[in-house]
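Chain naming follows the written order as A, B, C, D and E, and within any one chain the residues start at number 1.
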Amino acid sequence: MSKYAPKTEELKKEFEEKKPRLLKGKFDGMDWWDIPVEFRDGNWCFPAKPEVLDELHFPNPRKWAATDKDWQLPANWEKTIRDGMKDRLKRFRSFKVFMDSCVRCGACADKCHFFLGTGDPKNMPVMRAELVRSIYRQDVNAFARVLTKFSGSRKLTPEVIKEWHMYFHQCTECRRCSVFCPMGIDTAEITMMARELLNLIGVNNNWILAPVANCNRTGNHLGIEPHTFEQNIMSLVDDIEEVTGVRVNPTFNRKGAEILFITPSGDVFGDPGVYTMMGYLLLFHHIGLDYTISTYASEGGNFGTFTSNEMMKKLNAKMYHEAKRLGVKWILGGECGHMWRVVHQYMATMNGPADFLQEPVSPITGTKFTNAKATKMVHIAEFTADLIKHNKLKLDPKRNDHLRTTFHDSCNVARGMGMFEEPRYILNKVCNVFHEMPENTIREQTFCCGSGSGLNAEEFMDIRMRGGFPRASAVAHVREKHKVDSLVTICAIDRASLTPLMRYWNPGVSVYGLHELVGNALIMDGEKKRTEDLRENDMAGFEEDDDE
Amino acid sequence: MNKFSQILGAVAAGLAVFIAAWFFIHAGHGGSTSAHAEDPAVAAATVQPGGAPIDSSKCILPVEQMRSSHMQVLDKWRHDSVRDGNRVYVNPEGAHFEKSLNTCLGCHNNNPMFCFMCHQYADVKPTCWDCHLSPMEVPQ
Amino acid sequence: MTMNQQRREFLKKAGLGALAGLGAAAGLFPAFALEKTDPSSFTQKPTPGKVRWGMLIDTRKCKQNCTECIVRCHHDHNVPDLSGTKNEVKWIWKSGYEEAFPTASQQFQTDEVKHRKVLTLCNHCAEAPCTRACPTEATFKRWDGIVSMDYHRCIGCRFCMAACPYGSRSFNWEDPRPHVRELTAAYPTRMRGVVEKCNFCSERLVKGDLPACVDSCPEKALIFGDLNDPNSEIRRMLAANQTMQRKPELGTLPSLFYII
Amino acid sequence: MRKVLQPLLLVLVLALIPYVGVTYGKLDYLFGIIIPYTAVAILVLGMLWRLIDWVRRPVPFRIPTTCGQEKSLDWVKTNPLESPSNPFMAALRMLSEVLFFRSLFRNTKAELHGGPKLVYGSHKWLWLGGLAFHWSLLIIVVRHARFFMETMPMPIQMIDSFDRFLDVTVPAFYLTDAIALAAITFLVARRLSDEKMRLLSLSTDYFPLFLIGGIALAGISMRYVTKVNIMPVKSLTMTLASFGFTAPEPIGALFYVHLFLVCVLLVYVPFSKLLHMGGIFLSPTRNLPNDSRAKRHVNPWNPDIKFRTYAEYEDEFREKMKKAGLPVDKQ
Amino acid sequence: MIEKALKGGRGYWTWVAILLAVIGLGVTAYARQMTLGLGVTGMGRDISWGVYIAQFTFLVGVAASAVMLVLPYYLHNQKAFSKIVIVGEFLAVSAALMCMLFILADMGRPDRVLNVLLHPSPHSMVFWDVLVLNGYLFLNLISGWAVLGAERKGVAPAPWVKWLIYLSIPWAFSIHTVTAFLFAGLPGRHLWLTAVLAPRFLASAFAAGTAILILLTFILKRVAKFDAGDEARTKLAVLGAYAGVANLFFLGTEFFTAFYSNVPAHMHSLQYLYFGLDGQGPLVPYMWFSLIAGIISVGILLSPPLRRKTGMLIAACIGLVVSIWIDKGVGLVIGGFNPTPFEAIVDYIPTFTEISVTLGIWAIGLLVLTMLLKVAITVKTQET
């Protein structure tokens, strides 16, 4: 395991010792602003390298670490923060209203996975927002300036910036707290603002900004250049042929294709995302879809979302730009979390109207996706569910009998889009054993993997394992009760981050993409006898010697 | 601005108009004096200093005290006489009275509206008259 | 005993003599100077148990068709006239001998007695089952033996009615006021939903007057007085006559006695 | 403790001001006429300003928190209230929040058990307490219409008669008075009893609770214990309702305590967390339909961003692309 | 957890809608009763309690019957009842609630209901009844809810729950004993003035209550696919059968005492109910039906081959419930008032208003029961 995380047994012991309390440490008689901020191994992400900032034209490039005493903030940084805050309060009603209307009822307090995992009081969503509110009050309210302790306001100091850096990078913008807030306050919105402000003075996270720079230059987070991108997919095509005996034929940057398919680059390069990619390729081949993959818009994910509004727009713009260039009718999007938050809630507004595209229609079933009328981008789960509903897929769910599955709703797709049924519908059709996790941990109440919103860094492992604990605890429940061993998701970051999380908390549970299971279950024309799944693991009941 | 903002703008404007309307309606109606003073019945019933509506011998308690606390006095009297058999009330000046609603009505009976005018004006609805005959109902 | 002696007895028992006169007058004549009352003439609180009011009904004297006492009582207490309906309210009424004394010997009784109408009302039992059953002490035993009703406290559960073996209690099934023939100011009406019954005219006793029924009886068939006072008229009458109580086997110790 | 005692003390001091002012300073006119008008003016103008200030700020994106299935394929059962697809359903969602505290109804309590294992218990006390508090306050306010009108409108009379249904005290006992006091006690107690709540609560969270509690206590005490004559009270409130400036007749000091604390509350609203009464309507996570893929929403300040075009990209990678057999626009 | 009662299929909501409609009818009728007074009922000066108190008496028994599950399950570890203990507890909650609503409906001044607590009168059985009924309601609600909540979370219930459950066992006996004492302590009402009334109440309660529980398990099996199991039903049937036997036995002793002693007052009410008195006996057919149905039902329940047949078991349970409902819900109250203290026979016929209010309260109870059971079954059948 990572050197940045404690041993599982140690962390378990920590929980055993503090139970039934959720808070870690004694705080009686304390005010929250008196609790010190402490950076140590495993609880901070490395800052962006100076060359990354230079490439992005971001301010204050320098070498520094969160554990440094002096963070080398730029001259006038207070003014930058204050002006930046004022500017954002002007542009976002959400920010302003959320600053004004919290009653500190505490309903959100025990809803955050980071709070539940760390027991750190400042990880209660209300506290996280208070970190900003305490500064906001200074600026808008004359009384608050005088009655600081009474009103909970405070001066803007480098300590505050450290605190912001700590806690706005211990929020995955998963919106779980927002579900329970009687005022509808969305901490994700506040975290976005705070991260924008921090970026203005060069307080940042390399794990976010490096992908941003890569994505800008090469089209994808990992900085894969076009030829390598194509080669990688073609190697997956080889693997598919090996397992199924069928050769699929993806095309790249092909003008005149009907559909442009965009998925997170994690599906092209990362394990276990690649198996999901194989699933897509099999599916498209199975139905004979006229589609193409772009090496330019080769990234569904958008780490600009975790940086700034402008950066989000900039990275997202490539999708429509490429769709227009290739002359496709509409765009099909792969399994991803925050990609879908961007596509669903922001894309048409930021980079639309996409008049050059057509209202999406499934070429196989003729179904009009009226819910994507404006954005012209369809979620693969909607697309596949529609295919299955119309009996267009030949499926053998028994091929997934070696897996006992449960489903993890991705926060962004759940709470930023509202898709719950389609993936479950597909899952139920492609496998025989599916058990839900406890009800307060799924659907709109789903728990984050603990590593979303650009916090998937290795050096952040301590917090990631803690933040992922609520999810892991729920998986452990179904593992005990129903012997579940497969955690199915529709998010690329989940696939990347739940894997170590499961290794840490629930060894023996593997993480799958939904379409990997679809790929397993698809009965392809001209396929050879299938005995292995896409991971080349043996399927149950399909052994070689099992003659019919 | 989105549609919702427009709706809220309209609500805010509506609120402003409503407040203005309230002001004009009431200003036109009452002017700068209180409204009730123009109603002679109400005025007579309420507030002339020292003004119990009838001229009689002295009340059991000072008028200010009676105005604010008559219901407590009556409630206590009721309890004392019905439950404890204690029917004699001695006021701070040493005068004795029978604890009975009739003691009050004995004096306050020349204006049958005596109770009602104030209660109506202040919108106070006691349950006394559910059982006890009010001066308005007393058979002559 | 003369009328005046009797009256003086009451004044003393009630301990409220002076007030009685003045209070009553105060109700009628507003100009009366209340503050001139001489405070030394009465005590404030009666002593519990000292007095036990009781009544002796001489059924021999009671004329069969006379209803003076009933009319007077029901008038003075604003008892609604709902007679003949299931919602009937009555404080005092006449019943047949056999119905009033069902456990008394009926064998070989003369026809005259068998058909005699007997005046019945609340027995003001010394061991009243109704006060025991009442969950709020809305009906309770007064200091002077009267089983009293607090109409302000009654919740209308009618437990007292089920508990009373004499059927002496009435419930206000509907608003009584429209059914009161002639309203009397001196006594309140009741609100719908409470139980009521004879109160031995405690509102009259306090002013030194005899109960309305006693007062109104043209035949002087009703004797009222203090059962605890061996020298009272009623005690002397009880000693001199063979009397009956209703359902004595129930141990309720009625304060009502009958000469048959 | 300082966080709790300071606001408590503040409310006591505030209560003392009118008491001293009226009892010793004969400042009836100030507390009866001038301050109430000022307070209402501040409230109305303050709330208007806040509303306009909020509404002026744009909502660049549709960001509803989706707590249920969106409208997608025809055969997929949607949850129109938790994921409204049109403004009407969004309005219903908002109403359910405002009237029934729908989101709080969902509340759970996380419990850490051995294993370690996290479980989530149903936890509706805050919902119940909040609902009791807000609804009874609303009814109490509505009931006070009897002071500001010649005759009470029928609906208010009905509310009033239901509220004093129970026959307990003289004058009539109001259920909502008891519920409001109990709810305030609960709301204070929960902030004090839970260590998370103790830590996250500010003095400004206790202050309005104590203030409203003070108002309620003064009101209840005036009604049941330390009596004041209601006639001059009504005459003063009618004067205020008709924008008159007649000096009030003498009223007990307790009334001025009540009135002054109300005035403080009114003034406090636009500058404090009590703004949530307006803010909730403007919460973009709750008041917007979830239809951003079906209908384009316009951001008034949509910035013009220069992104890296395909042409620029191809310029950098053309040779490699050609070598890999990928099509290129320019040879 | 109550949110689980807000999710259901078409059948569930139809049922809820029907109940709400009936509740609406009841509320309307009650509003009429509130405006015009209890005179709108069939009760009057002589029969001063009617359907309301009768239903109350019957339902106290239903409430008490939860102990027939709680006692064997928690004290004797009868695992067969593990799935339906909660059904019994929630049935007790809704029955106790209905009891209190019936008392409230019967009150002349419901606005003064708090007087019972503001002026506590320990000499009055009503005071005790209010205490034990409320206590029983909350004991069952809290312990049932806590156990269910723990089950939902997949953890052990808090230790204090166990003590509430133990307390609820004697408490169940107390509610029906006190209710019997309401009647049994009144002089001059000879049908009630009997030491055997409390045991008879308990016996009839355990008979009718277990029968209702058995019927409930069939309903739940049918509409909610929730089967408590044949073993649980058989055990309940046996319990119900012996309780039914005891009930009939106590009734027999009443007859013996009255008619062998030949004391007129003791015989009158029984004569009125079963044979007619002075030519008046409107209840005679009902009482005989009750008696015969009771005997046959108990007979079926006692016979293993008969009670194993689902149809027979259901018929016997319905028969037992109807029998006891007539006996306790009709005969007991009206028979107690007849003859009146003046030896008269008075008829009592409930009015439409009265019946509407009664149906409304039943509907409220059923709605509460439906919602509670919906929660319970959702939790019990939850996948995780």
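Operating definition for what follows: a contact is a pair of C-beta atoms (placed from the backbone, for glycine too) under 8 Å apart; a residue touches a chain by one contact, two chains touch by 3 or more.
It should be emphasised that the depicted structure is a prediction, and the values quoted were computed from it without experimental measurement.
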item	value
Smallest count of steps, each to a touching chain, taking subunit A to subunit E	1
Chains touching both subunit D and subunit E	A
Chain located farthest away, centre of subunit B as origin (C-alpha)	A
Most centrally placed chain, judged by C-alpha centres	D
Distance from the mean Cα position of subunit E to that of subunit B, given in whole angstrom	49
Rounded Å distance between subunit C and subunit E, as computed from the means of their C-alpha atoms	41
Distance between the centres, which are taken as Cα means, of subunit D and subunit C, whole angstrom	61
Subunit A and subunit B, separation of their C-alpha mean positions in angstrom	67
Junction residues of subunit D - those touching two or more other chains	54-55, 58-59, 106, 111, 113, 117, 119-120, 167, 282, 287, 297-298
Of all residues in subunit E, the ones touching two or more other chains	109, 112-113, 118, 154
Residues within subunit C bordering two or more other chains	191
Pairs of chains in contact (touch as defined earlier), listed by label	A-D, A-E, B-C, B-D, C-E, D-E
Subunit C - residues contacting subunit B, complex	16, 19, 22-23, 26-35, 37, 39, 42, 44-46, 140, 142-144, 148, 150-152, 182-186, 188-191, 206
Subunit D contact footprint on subunit E (complex, rising order)	1-3, 109, 111-114, 118, 149, 152-155
In the complex with subunit C, residue positions of subunit E that touch it	36-39, 41-49, 103, 106-110, 112-113, 115-116, 118-119, 121, 123-127, 130, 182-183, 185-189, 265, 336-337, 340-344, 346
Subunit C residues within the subunit E interface of the complex	85-89, 95, 98-100, 102-103, 129, 132-138, 153-159, 161-167, 170-175, 191-195, 247, 250-252
For the subunit D and subunit B complex, residues of the former touching the latter	44, 48, 51-52, 54-55, 58-59, 87, 146, 150-152, 167, 170-172, 227-236, 238-239, 241-246, 249, 252, 281-282, 287-288, 297-298, 300
